Structure formats: structure tokens, C-alpha cells
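Both of the next two complexes hold chain A, though its partner changes from chain B to chain C.
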Partner chain A sequence: MAATAETKGPSTLRNAFGGVLGVFILLLIGVLAFSIRLFSVIKYESVIHEFDPYFNYRVTQYLTKNGIYDFWNWFDDRTWYPLGRVIGGTVYPGLTLTAGSMWWLLNSLNIPLSVETVCVFTAPIFSANAAWATFLLTKEVKGTGAGLTAAVLLAMVPSYISRSVAGSYDNEAVAIFALVFTFYLYIKTLNTGSLFYATLNALSYFYMVCSWGGYTFIINLIPMHVLLCILTGRYSSRLYIAYAPLVVLGTLLASLVPVVGFNAVMTSEHFASFLVFIIIHVVAFIYYIKGILSPKMFKVAMTLVVTIGLAVSCAVIAIFIALVASSPTKGWSGRSLSLLDPTYASKYIPIIASVSEHQPPTWPSYFMDINVLAFLVPAGIIACFLPLSDASSFVVLYLVTSVYFSGVMVRLMLVLAPAACIMSGIALSEAFDVFTRSIKLQLPNILDNPPDAGDMNSVSSIAQNDASKIDSHATTKSETVSKERPSRKNRKKEKEKEKENVEKVPSHSENKKRLLVLPLEASAVAILLLIVLGGFYVVHCVWAAAEAYSAPSIVLTSYAHDGLHVFDDFREAYAWLRHNTDVDDKVASWWDYGYQTTAMANRTVIVDNNTWNNTHIATVGTAMSSPEKAAWEIFNSLDVKYVLVVFGGLVGYPSDDINKFLWMVRIGGGVFPHIREPDYLRDGQYRIDAQATPTMLNCLMYKLSYYRFVETDGKAFDRVRRTEIGKKYFKLTHFEEVFTTHHWMVRIYKLKPPKNRIRGKLKKPKSSSKSSSSNHKRAGNTQKNPWQ
Partner chain B sequence: MHPLGLYLTSFSYQEIEKKLRMAKSTSSDAQMLIRSLRTAYAATPTNLKIIDLYVVYAIVTAVIQVVYMGVVGSFPFNSFLSGVLSCVGTAVLAVCLRIQVNKENKEFKDLPPERAYADFILCNLVLHLVIMNFLG
Partner chain C sequence: MDPRNPLLLLFLAIPALISLSFATSPSADDLVAELETLRAQSPSGVIHLDDRAVSRFLTSTPVPRPYSLIIFFDASQLRSKPDLHLTQLRSEFALVSSSFTDHHASSPAASLRVFFCDIEFQESQASFSLFGVTALPHVRYVGPHHHSPRDSESMDQSGFSRLAESMAEFVEAKTKLPVGPIVRPPPISPRQIAFLAVALLISAPFLIKRILEGDTMLHDRRFWMALAVFVYFFSVAGTMHNIIRKMPMFLQDRNDPDRLIFFYQGSGMQLGAEGFAVGFLYTIVGLIVAFATHVLVRLRNTTAQRGVMLVVMLVAFWAVKKVIHLDNWKTGYSVHAFWPTSWR
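Our next item is the complex of A and B:
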């Protein structure tokens, strides 16, 4: 008794110390995750980045000003003129509600932070939360050490940083936290079988549905995992408790969110969960019957049930398939289809195909975004298999599916990041486990008696005896993991292999599971090398955060020979619009700038980044591709007063409207067939120099971009396209230039009012003849321009 | 008659006899099955039988609602959905409770039944809160 009490004393002290150290490390991880995302605030200013966050910011402003009931019922008439947009029913409210409640809480505590500050810093705060959630999840899978490693990897992984810097106020900022936290609660329920955690899991899933459209990933991954468990014979009552309440509560909670609504029961994205719900009930029933019947009677029951059940289920499935197949998209939404079939978007939905984030990633982007983790992940997969538990099979499945989806779209590298961090955390933790154990067990032997070359066998076997006595969680996995290590350390390769063969012989002679113990020097060098590897990872992450992902894209900088140039043209243009136009004036631009225009300039726009109405966007695209008069007609019919064009030719800004012009033609041509793409191409290329087609040189986009451009340097050399433009001297007949920013990056034009007197031929009143002639013509030849 | 034909008819007669015997045996098997199921189920403790009765009641209510929807149409679809899902949900939760309270379940022998019942109540509270909100 005394001996055990003695051994318990130091061990509890060590456990307590370990616990405190763990909490302290977690705190530091949170601080790290928060601070690494602050580069943009330090380098530029505390400003909202990009395009989508401006919409979220505007919605949050409205929420904080008008309260939640007005927010749910808000109909926004300042976008998609004249259609408007039902904000309450089409926005994922999670992010705005989170930031709004943080702002409200701080203000009620008399800490007067502005809404903008709260919005800018929401993402770093929730990335710290995501790191802690990753710790909890990995702890459930493998233990505290793996959890801490995974958390510190996630705090710094560049792929997650890219979407959650301070200022990137977008859905993914809170959604990744919700994703990992939901997975953690699912695994916790699976491990403990407690209904309490199942309830929490459903609530966390509700938060995820509120936050991001990627929630369909959860509601398909979890049923896949349940199916996997059933098929591999791992069905248990804990699995039922983990899954069945989640489906019912989760479906209900998902239908509560207005954006999802009845889609939660009617779209194909959710059918997998219902199917597996039925399957798990059947399996549970079978196990129950098996438990109360004798084996002979059970066989009889099975034959009976199988014959009857097969007939019934075939009929039901046939009806179901007929129902689903009768809808044109088989019940899937366009976005999900483009994920499942990577070529779908480019064939059918050009808008989805045009977004640069929706392109497949290249190989270098994997190394840029998850760096060292890319080759630690396979080691982690193997570590998960030894031994395989429900939780580790889930993480492996999560990794495999997210790798597939990340290969479809660059944007989904973000979903891969937590999976990669978990796997790498497991791998690194197992490796450190083996090496430190080797050192710990061999150190006293080395200190007591000096090492002898021939004695290595006895030393290692003594160490192995100690190892098998001390630790009862056998780890044959460490054997395999350590086999991975030698493949990266070429110097020690032969020596370690020989030692392992020698060690394997005594280990096979005894049936007890032994822990692998490697030679002392090899372990020490290996630990050093792993630390160096971690150092490379940290250096890369900090560089990526500072240089690559911190640009706010509303302010641009460049380093010229005479110092730092700051291009603040966008805000200049929006401020001009805000101060020099009427509140009710409509501004037309390409859809990229819609959110920023409504948020910063506070003017009504025609199309914005929501891109829900393809025809409306095609209308604007057609107007930009048409000659001046036709474009004026189109814009006049939409009550547009100002047209905004982004032009990068003077300074070399590559994402301007001329480079986006091909999408205007394609999207416009997709809806209005009189816009034909070959009209704008010379030898299959879009050109704006002297070789350009006349249609190109006469279209509105060309004219609005290059009006008076020749006055800048006399030669009209376009720095982005690297040529002189084709038509240099021309006048605008239907538009007048009202503002051009300092570096000519944003140009604003006003529609000229129609002339009072028409000189020359008296035109017939257009209304009656136009309608009759257009009706007549539409019946016969659909290629005609609908506006003439 | 041709000897082969005789052989064939006798063969078919044997087949028919065999099929009749099989059918009789399957029906007798089915009877035996039902009897053994009944005796095995009678052996379950009363508290589990009460939970089972509750589950059956909830499922029957759900079926009644679906039939009603089939007759009347699904116009306030959210009401229909919340009604059916509340029945299915409380049935599922009752099954979870049964799993956790069942003494024969090795995995849950450390779990006090009061804790299981408290979790059941909590989950039902959340479920019904959501139902009330969604009922419309």
C-alpha cells in the first residue's frame, strides 16, 4: 500500500503539472492564432477586405442599428435594382448574428467598440476558438499530446489564415470553428454514448447551418461514417445515440434557418442522411432481435424478413428513384453538382466557372497552403490505423473526402486544412512519443554503464522489458510509424533498419505487445530534425501570413524605386460617389464591385456579388459588350445614372474589367444570342490593340476604359496588356466622364440625357412599332437584339 | 407412355410435394418464430416495456399525421414537418433512453439511470422548443 501511495504521489503531481502546462500551452496557442492574423492591421489599417465581407459588414451595421426583427424581415431595395433582394431569407445569418451579439455584449459592458472593429477582429478570435476545438477533437481521437500538436498546427496553417485574417469578415471565419466543434461533439458522443453530448452536437450543427453553405459537408460526411462503421462491423449502441438524434434534431434545426428552409428535407444533399437513418434503424432492430432470440430462430427470422423485406424495399426504392430522376438536376443544387462533377460548372453555369476561387488548385498551391503537413498526412493516416477506432476512422474519412473536394476547387482547401492538421498532429505526436520514450528508457542505462557496441542488444532488450512493464497501451503502431521516420533521414537509414531487425526478434519471441525503443543517438537526432521541420513550417506560415495573405485588396501597395506607393483608388471612387450623387441614383458596374458600392458608396446597384440572377448579370454584360447607343438603351431601361468601370492599364493592375471582359461576353452571350463571342476574338484571343476586331473596338467597355487614355503618355500604352491600344482618339456620344481616380483605376461615367430635338429624319414613335416588330421578329428569328 | 415422360411426371410430383412441405415448414417456422419472439419479449423488465409502449405510441401518432397529410394536403408544410418530426424525434430519444437504461447493455453499466433520464429530458426540451418555434 505504501509503495502504491508513494508512486501515486509523484504521478498525481506530475499529472497536475501536466494539466496546468497543457492549459497554459492552449492559452498560448490561442494568442498565437490571434496575433498571426494581425499583419494586415499592422501593415495597412483596420479595414474590411475584399468584396464579400463588405456585404456582411453592411448587414451587421443594419442589424446593430435596427435590431433583430427588422433584420429578419429586411427587404433590400438598394441592390439588384429593380428586383431587390430578400436579405432575411437569403443570407446565412450566423456570422452577422455572432458579430452583432459580440458588439452588443461589449457595448452593454460599456466598452464602446465600433461595429467595424468588431467585424474586423471577429475572424482572429474565432480562429483561436477553432484551434481549441481542434485540440478537443484530436484529444478525443488520440490523446492530449496529439491534440496540442494539431492545435498549434491549425493556428498557423496558411490555408486557414488566408480566409480568416483580421478584416476578412466572411462566413468561413466562424464556419471552420463550427465545423471542427461539431465534429468534436460527434466524436465525443460516439466515444461516451451520452445523450447530453448528442444534444450539444445538434445545437452546434445548427450553428454551422446558420454560418455557411458548406454545412452539407457535415450532413453527408457523418452518414458516410455511420455507414462505414456499420459495414465494417463496428455497430454499437453508441453509434445509434450519436447519429439518430442528430438527424432528427439537425433536420429540424436546419429547417429553422430561413436560407435553408424546406430544402432541408427536399434536396438531394440531405437524402443521404435520411437513407442512413433508415439503415441504422434496420441494423439496430436486427441486433436487438439477435439479442433476444436463439441462433436457430434468428436464422429463420432472417430468411423470412429478407424475402419479404427485399420485395418491399425494391418497390420503395424504385418509386423514390423515379421521383428524383424526374427533376432535371436530380434534386441537387448547381453548386453541389459542380462539386461532384468538376466539369459541370464550365458546361452549364458560366458564373460559377468564372470565379477564380472555383478553379481547381495547382500542385504548388498545396505546398503553399498546407506546406509540411502535405507529407505528414500519410504518416498520420497510418498512425490512425494502429489501432483503428471509430474516432480515427472518422478522421481518416474526413481527410479523404476533403482531399477530393479540395482538388475540385481551390476555395475548399480550407476544409482540408483542419483534417491535415489533425493527421499531422497525430503523426508528429506519435513520432515524438517513440523518440522521447527511447531516450527516457535508455538514458539511465547510458548513465550507469557506458555503452558497448556488442552490448547494444542487451541494452535495448532491457529497455524493452522496462517499456513493456511500464506502459500497457501497446503501440505496435509506433513500430510502423518509426519505420516512416527512417525514410526521411537518409544518414541513419541502414543503422536503424538493422537495429529494428535485431529488436524484432526478441519481440516476436514473446507474445506480449512491446513498445518500440530506438537507439539513443538516432532518437536524439530525429527529435532535433523534427524540431527543425517544425521551424521550417513556422517560418513559412509567418511569411505567408505577412506577405501573401494580408492584402486587403481594397488598398494596393507597390514598392517603386522612390519608396512605397499606395493605391487607394477604390475608396476614392466610392467616396466621390457618396458625396457627389443623389441618394437614389443607380450605379451600374460589373458584379464584382456591387457589395463594395452599396456598403461604401451607399448607392443602389444593378448587380452584385450574390450572383443569384444570371439574366440580370447577362443584361449588364450585354450592355458592356454592345456599342454605345445600344448600351445606353439598356442602361436607360434600368434607370441607371452612373456607370463604374475599373481600369488597370495605367498602373498595371491586372484584375481590371478589360481582363474580365471575356466573362461579360460569355455570360451575356449565354442569355442574349446576338452577342457572339467570335465577334470579339482575333485568332481566338481577346485583343485591344490595332489587330482587334471592330466589334471590340466599338464596345462600351473598350470606350469607357480607354477614353482619353492617350492623354496620359501620348502613346496609350496599356501596362497590363503590354501593347498600345487600337483606337486612341474617339469621343463619347452617349456618356460623359464625371470622375477618374488618381491612378485612373476607377472611372465613373454619367449617362447623357436623351436629346430634346432629333435632327434629320423624323423617327416614328418607337413604342408601338417596336413592340409589334419585336414580337414579329422574336417569333421568327431569335437572334435579334431584344432592345431594338 | 414414354418412360422419360413417366419419370418427368413423377419428378414434378415430388417437386410439388417438396414445395408443399417447405411451405408448411415455413408457416410452422413462422409460428415458432412468433412464439419465441413473444416469450423472449415477455422476459424484458417492465420499465423497458413502458418505454417501448411510448415509442410505439409516438410512431403511431406520426403515421396518423402522415395519413392525414395524404388526405388533406400538405399546405402549412412547416407544421406538418414539425409535427411528424416531433413524433419521430421523441421516439428516437426514447429508444436512446431505453438503450442507456437497459441493464443488459455492457457499455452503459456505469451510467446511473437518473443521468440517462436527465439527458432524455434535456434533449426533449430542446426538441420541443424547436418544434414550438417551427410549428408556425
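Our next item is the complex of A and C:
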């Protein structure tokens, strides 16, 4: 007894010291997560990136200017002309509200930051939050050491960096934090059985629903885990408290979000949670009955209930199946269906299949996005099974489902990243634990009496304690790992066990520990290898953050032999539109540039990146793939004044409209059958040189892209397609060039006003009118344009 | 089953020989009757044509013919090429044919005068040149009014990806006759279903007992562990990519047919074997770490520990190095560190 009282003093001191150090480490992790995402600001400037963030930025601007109620009722007439779009009811408001309230808070503290600055730095701030949430989650599963390791790994995992660099102001930035935090609160409730955490869990789920459509992952994963726990006989009241409030409160809260609304109870994505909700009540009821009845009575009651229950559940399931089967997609949305049946999207929905982030990844994607974590995850899985607790089974389930989904769609790598970090954190910390313990327990022996190093019995326990004190500075991390255990209950048991050991025979525990060590020099080499592996991870992540993921794609740079070139053509073009066109003019472009045009040029667009109306997009696609006159008619019927095309042929910018053109044809042809893909292909090959088909050479996209192109170098050599173009000299009959940017990357054309009916003049442009008339004939009676 | 068996060839050859010996052009009704017999002899209703049959039924008959032919061009030597999918397309063609025959079984004979045929390249090279077919897969429609085989209409190349459905559309568009629903044979026959059902019924009590006792493989923790690791391996190997894109396990080198290509350079695509190899390397390192931390520590013999550790560390080091090397080779990225300028 006296011995325990003595050891208590230093151990509390050590715990306190460990706690302070842990907080300090967490602070540094936050700084790391924030600062590694600043490369885009340092290398370029503080600017919003890409496409979708511009929309979010515009919404945030509206929110800060007009207040929350106007935002909620906002009908945007600047997009999807002439349909418009109800913004308040069709966006996930989480990100906007977060940034808006951050801006409001800063302003009320008299820190005058612009809305743009707040938007740019929202993602890095939330990455730090996500790292801390990962720490909390992993700590619940495998202790502080694993938690800290996982947090460090998450702070710089490239997959997450790719979506959360400064300026990438998109839903995923806050959603990953919400996802991990919801999981943490679920595990915390599961470990403690506290209703307080259960309520927090529902609120956190609400935040996730507000932020991202990926919330369906949570509402399917948690029921799966609950079901797994029930099936493996791990039902407890804690499980009930963790699950039932989440479903009730969570569903009620979720249906408050306008974009979700009644979907929260009507679509198949949510049915799993309700089914498990019923099951857990049945199971809870059975456990309750079992408690109050004698075993014999219980058996009788069981048979009675099982027969009735089977009949009822059969009827319910039959109705359920009939309900689901009556809807054409079986109640699932296209994106979810393509997860379950990966070949679904490529067959039926070109607009989903056309997006590059919906493609299945190859193995280098994993190495790029989670890097060496890919090596460590299996070790983490195995560590979670030894011993298997409720919490560790949950993270295993999370990893397995997310790794499968990431295999189907490369964008879901983002959901895998936290799971991979948690698993690798667990694996690394267990490995470090074993290796450092091996060194710590054997090093003193060698130092004390080198001749018989292997003999343990000669070492007194006092020497052990001294050695551990000396080492405590260097290995606090691993120390805390061995101290902390998954759940409070387990921890208590562990402590009791330790006490028992101490009380009975002090040397016994030593012997036990002696068994669990590896040879000293091998452990040292292994630690060295793990550190090298970690070092490689850091190098890779910094490189990925700096080189691969920080380009804002609105400003481009390239290094040539004569130095740095900056291509700022997009903003040049949008600024031109803003200053030189009437405020109510309509601008047509492919949907990729819709958000940017409304946000930066403040002009009305026909289609944008919110691809909610396939017919409208197909109309624009048809216009782009039609000959000049037909295209002019379509655009004119849509009140379009200006047409904007992106052209990379001069500077070699590969993601321009000519490269996207086949998708325009495909999507257009999906609605208007007179556009046929084979007309644009020569023997199945897409080409724009002299071998190209006449349909291709006469379509609007070709003409607008290559108009006057031959004047640049005299040969009209396209540097993206690496060929000379097929038709070099032509004139435009229905469009006129009004603006071309410095590097020719954006070209803006104006629709010519309709001509007076002079017969002689209309016949002048022979080739184009000929081909268009032949097209007219073939189109025949098919519907060409819904707006006429 | 195969229409190209020798017996069928004999059947084909006999009428041709008879017609030659008489040296008179047979009447149109005779030809239709002949084609109908041939169709009845083939299980799927696909008639196998050779050079003689082509001349008999197509080139030497007066226009308009009382029937039309839909011809599938086949080549047995190209069937081994996985990217052409000839074997699959041929069976799909047979499906369309049998669906068509079933659909019109009770309708008047006039609508049945559409015959499905196939031609094999090696035995009927003359016919291939007659049609001017240079690339496979290829499906032609020869209507009653087509004078020479070259005039006949071919099916769109892009349609082949949709298999039987697009072939049926092609037939419907050209013949103006409905093909009817395409009846695919179920993957397991009714007899097998019955057998499975009986087996399940017999084993059900035993299974339920085992489940209640908690004594199945599903209650074994190691089973779930193995499953989790396998799903991980399956995904990081990019197997879903291979399934969705229908990637082959390996390619043949174009310049040197004996050499096989297992690794494809370029990050957008991967081959099957390549994915599994790297997925294995990904997984093995994690398993080694788990082995060292959870199994090896329990070993009592220090020398054995030392030896195993050495081997295991070498393997892990090699695997990581190999993956880094392969990744740099495949993607062409050069990952480098950022050092302070004063350190250089």
C-alpha cells in the first residue's frame, strides 16, 4: 500500500505534464494544418478558386449584405435564364452561414475584414478544427498517443488539402470537420452513455446536413454499426442512447434544412436508419422483458412474440418493397445508385459520368492522395481487432465502407482520408509503443552491466523507475499511449488490474512486460525506418500542397526558359464583360463558366455549374455543336447577347472548350437527336485537323474557337491538340468578335442583329448556308429547340 | 451449339452442290424454304454462311429477293483479342436472332423472311472482300433491294457497346419489324434453383442451430479481420476501375507479340495485374507492421525475433521503395523537398 501512495505523487505530476504537452502539441497541429494550406495565397494571391467556390462566395456576399431572411427567400434571376433558380431552397447553407457568422463576429469585434478574405481562409481554419476532431475521435478509440498521431497525419493529408487550400471555399472544407466531429460524438456517447453527448451528436449531425450532401454517409454508417453491434450481441443501453436520440432529433433537424426537407423521411437513403430504429426498439424490449421474467416464462413469451412478430414484419417488409419498387429509380438518387452499382452512371447519366471527379481511381491516386498511409492502414485494421471494442469496430466499419466508395468515385477519397489517418495513427502509435518500450526496458541493462545484458532478474525495480523518469521527456507520447485505454470502463478495469499487480508481486508485471519486447537494435532500426517513412510523408504532403493542389485555376502560371508567365485571362474577360456590356445582357457559355460569370462579371447566364436542368444544358450544347445560323437562332431565342468560349490552343491550356466539346455533343444529342456524335468523329477519332468531318469544321464551337487563329502564327498550329487546324480561313456570318483576351484564352462574341430580308445578301456565305440547310433537312420534324 | 461445326457445314454444302449440279437458278420459294430449313437446324436460328452460300443466296439471285439477311462477321482468329469482344457479341447476336424467331413464331410467314446469318473470316475470305469488310466487329443488313453486297447497310460502330439492345434496334430500323423483348437465359437454370432450394431447406435447421450457438464463421473475429483487410486490398488495387472500364489483366506488346505488358505508363489507366501487384505491396507493409507489433513481441526466443525482424524490415523497405519507384515512373511526378535557400 505504501508503495502505491509513493508512486501516486510523481505519476499525477507526469500526467499533468503530459496533458500540458498534449495541448501544446494540438496547438501546433492546428498551426500546421492552417499554414500548410497557405501556399496558394503565397504563390498566387488571396483569391477564390475554381468554379463552385465563386458561387458560394456570391451567396455569402448576398447573405452579409441582405441578412439571413432575404438569403433564405432569395430567387436568383441572374442564372438559368429564363428559368432562374431559388437559391435559398437549393443550397446547403452550412458553409455560407459559417463564413457569414465568422465575418459578422469579426466585424462586431471591430476587425474589418472583407467577405472575400473570410471566405478564402474558412477552409484552412476548418482543417485545423478537423484535425482536433480527429484527435478526439481517435482518443476515444485507442488513447491519446494514437489520437495525436492521427491528428498530425490528418493535418497534412494531401487528399484533404486538395479540397481545403486557402481560397477553395467549398462545402467539403467544413463538411469533413462536421463528419469527423459527428463520429466523435457518436463514439463518445457510445462509451459514456450520456444523453448530453447524444444531444450534441444530433446537433452536430444537423450541422453536417446543412453543409454537405454527403451526410447520407453518416445516416447509413451509424445504423450499420448499430446493427452490427446488435447482431454480435453487444447491445447495451449505451448503444440505445447513442442511436435513438440521433435518429429522432437528427431527422427532425435535417428536415428543417430546405434543400433536404421531406427527403429526410421520403428517400431510400434514410430508410436504413428507420429500419434499424425499429430493430433496436424490438431488441431493447426483449432485453427488458428478459430482465423481469424468469427464464422459463421468457422462453414462452419469446415463442409467442417471435411468431406474431414474424408475421407483422413480413407484412411490413412487403409493403415497404412495394413502395420502393413503385418509384423508377427505387427511391435512390443517381449518385447513390452509382455507388452501389458502379456501372450505373456510365450507362444512364452522362452528366454524372462526364465529371472527372466521378471516375474510378487507379492505384497511383491512392499514393498521391493518402501516400504512405496506404501502407499503414492494414496494421491499423488489425490493431483495432485486438481487442475489438464498440469504438474500434466503428472505425473499422468506417474505413471499410469509405475505402470501397473511394474505389468507385475518386472524389470520395476525401471521406476515406480521415479514416486512413485514424487507422495509420493507431498503427504508428502502437508500433512506436512497442519499439520504444523495447528500447526503454533494455537500454538501462546494457548501460548498467554490459556483460550479462539479457539477464533481467538482476535489475531492481528502483532502477527501472529511475530510467523511466529519465526517459519520460523523450517518450511522453508513447507513455500516454500505454496509459490511456479505449473506454472509461476498460480504463477502470485496467487500473484495478495494475493495482492488483502492484500489490501482489511487483516483479510479476515486470516479467510480463519483459515478454512483450523486441531485440534492442532491431527496434532501434525499426524506429528509424518508421521515422524515415513519416519524413517521406511530410515531404510528399508539402510538395503536394505546394505544387499539385494550390493552383487557383483562375490564374494560371507556367515556367518557361525565360521565366515565369502569368495567365490572367479569365479575370480579364470577366472584367471586360462587367465594364463593357449592359447589366441585363445575357451571356452564353458552357456550364463550367456559369458560376464565375455571375460572380465576377455580374451578368446573367443561361446555364451554370449547378446542373439541375439537363434540357437547358443540352440546348446550349446543341447550339455549340450546330452550324452558325442554327446556333444563332437558338441563342437569339434565349435572348443571348454574348457568347463566351475558352480556347487554349495558343498557349496550350488543355481544359478548354474544344477538349470538352464531345461532352457538349453527347449531352446535346441526349435530348435533341439530330445532333449525333459520329458526325463529329472521323473513324471514331476526335480530330480538328484537315481530316475532321465537315460537321465538326462547321460547328459553332470550332468557328468561335479558331476564328482568326491563323493570324497568330500564320500556320494555325493548335498547341493542345498538337496539330494544324483543318479550316483556317473563314468568316463569321452571324457572330462578331468583340473581345479576345491577351493570351486568347477567352474569346467573347456578340450576336449580330437580325438582318433585313434582302435576298441577294443572304446567299453570299456559300459553304455555311449549304451545310446548315442540309442539316435542316435531316433534322426534319424532330424538335430542335424548346424555346421556339 | 457452335454453328461452325462440321455437320452443319455439310448441310450447308449439300444444297449448294445440288444447285450447282443442276446449274439452273432455283425459284425464290425454294431459296426461302432452304433458308428456313437451315434456320431450323441451328439452335439459335443463326445460319452459318460460306462463300458458296453467299453466292447462292445473295449475288446470284435476282433483285428483289423475297427475304433479307442480317449478317454478323466473325473471325475465329480474332476471338482471343479481348478488346474486340467478338465472342460476347456473337452470343448477343444469337440472342437477338432467337428473340426475333420467338416473337414471330405465330405470325405469318412473310414477316419471318428475315434471316440471321454469320460468316467466318478464314473460310470465306472472298465474301469478306465482296462486302468490303475490313474491321470487326461488323454487322450488315442486306435488304431485298440491295443489288450487290457492297450496297448493304452496316451497323453503327458505336452501337456495339450496348450489345443486343442496339442490334435489335438496328434490325427494327432496317426491317421495320419488331424484334420483341430480348430474352436472356437466366444465369442458373430452374433445375439448379430447385436443387439449391432443397439444399438450403435441408441445411437450414443446422445453420440456425449454429447461429444460435454463436458458432459460425461469422462469429469468428479473424474472419471479419481478414474480410476488412481484403476489402482494403481490393479497393486500393483499383479493382473497381478495372471492372468499370473492363481492363484486361495485361496487354500484348504491339511490336513484339511474345512480350506481355503488365505495367501501363500514364496515371489515368491501369491494367489488372498491375493493380493487384501494387495493392499487394500496399497491404503487405501494413501486415508486416501488425505482425511485428502484435505477434513477434510474444515470441520468447530473442535470436528468432532478431532474424525475423531483419527479414521483415528488409521486405517492408523493399515494398515501400518499389511503390515509390513505380509511382514516379507511372505518373512522372518528381516529389521533392523544399529546403531553405541558405542550405544549398
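By definition in this document, the second predicted complex is superposed on the first by the 690 of 788 C-alpha atoms of A that agree within 3 Å, B and C clash if a C-alpha of one lies under 4 Å from a C-alpha of the other, contacts with A are read in each partner's own complex, and residues count from 1 in each chain.
Methods note: a residue touches a chain if its C-beta (ideal position, glycine included) is under 8 Å from a C-beta of that chain, and two chains touch if they have at least 3 such contacts.
Just so you know, these numbers come straight off a predicted model, no measurement behind them.
Trainee: By the touch definition at the top of the document, which applies to A:Ile308: first (chain B), second (chain C), both, or neither?
Mentor: A:Ile308: touches no partner chain.
Trainee: Given the touch rule stated above, what does A:His540 touch, chain B (first), chain C (second), both, or neither?
Mentor: second
Trainee: Is A:Leu249 touching anything from chain B or chain C once the two structures are fitted on A? First, second, both or neither.
Mentor: A:Leu249: touches chain B, not chain C.
Trainee: In the overlaid three-chain picture, which partner chain does A:Val517 touch, first (chain B) or second (chain C), both, or neither?
Mentor: After superposing on A, A:Val517 lies in contact with chain C but is clear of chain B.
Trainee: Per the contact definition in the header, classify A:Val396: touching chain B only (first), chain C only (second), both, or neither.
Mentor: Only chain C is touched by A:Val396; chain B is not.
Trainee: Looking at A:Ile317 after the superposition, I want to know if it touches chain B, chain C, both of them or none. Which is it: first, second, both, neither?
Mentor: Neither partner.
Trainee: On chain A, which partner's contacts cover more residues, chain B's or chain C's?
Mentor: Comparing chain B with chain C, the partner touching more chain A residues is C.
Trainee: With the two complexes superposed on chain A, say which partner A:Ile42 touches: chain B (first), chain C (second), both, or neither.
Mentor: It touches nothing on chain B or chain C.
Trainee: Which partner does A:Leu28 reach: the first (chain B), the second (chain C), both, or neither?
Mentor: Neither: A:Leu28 stays clear of chain B and chain C.
Trainee: If you stack the two complexes on chain A, which partner ends up touching A:Ala383: first (chain B), second (chain C), both, or neither?
Mentor: After superposing on A, A:Ala383 lies in contact with chain C but is clear of chain B.
Trainee: With the touch criterion stated at the top, can you tell me which chain A residues are shared between the chain B interface and the chain C interface?
Mentor: none
Trainee: Which positions of chain B touch chain A when the two form their complex?
Mentor: 26, 29-30, 32-33, 36-37, 40-41, 43-44, 77-78, 81-82, 85, 88-89, 92-93, 95-97, 99-100, 104-105, 107-108, 111, 116, 119-120, 122-123, 126-127, 130-131, 133-134
Trainee: Going by the contact rule set out above, which residues of chain A touch chain C in the complex?
Mentor: 232-233, 342-343, 346, 359-368, 372, 374-383, 385-386, 388, 396, 399-400, 403-404, 406-408, 427, 430-431, 433-434, 438, 454, 515-519, 521-522, 525-526, 529, 533, 536, 539-540, 542-543, 546, 548, 677-678, 684
Trainee: Show which residues of chain C lie in contact with chain A when the two form their complex.
Mentor: 156-158, 214, 219, 221, 224-225, 228-229, 231-241, 243-245, 267-270, 274-275, 278-279, 282-283, 285-290, 292-294, 296-298, 300, 302, 305-306, 309-310, 313, 316-317, 319-320, 323-324, 327, 330-331, 333, 335-338
Trainee: Chain B touches which residues of chain A in the complex?
Mentor: 193-196, 198-199, 202-203, 236-238, 240-241, 244-245, 248-249, 251-253, 255-256, 262, 265, 284, 289, 291-294, 297, 300-301, 304
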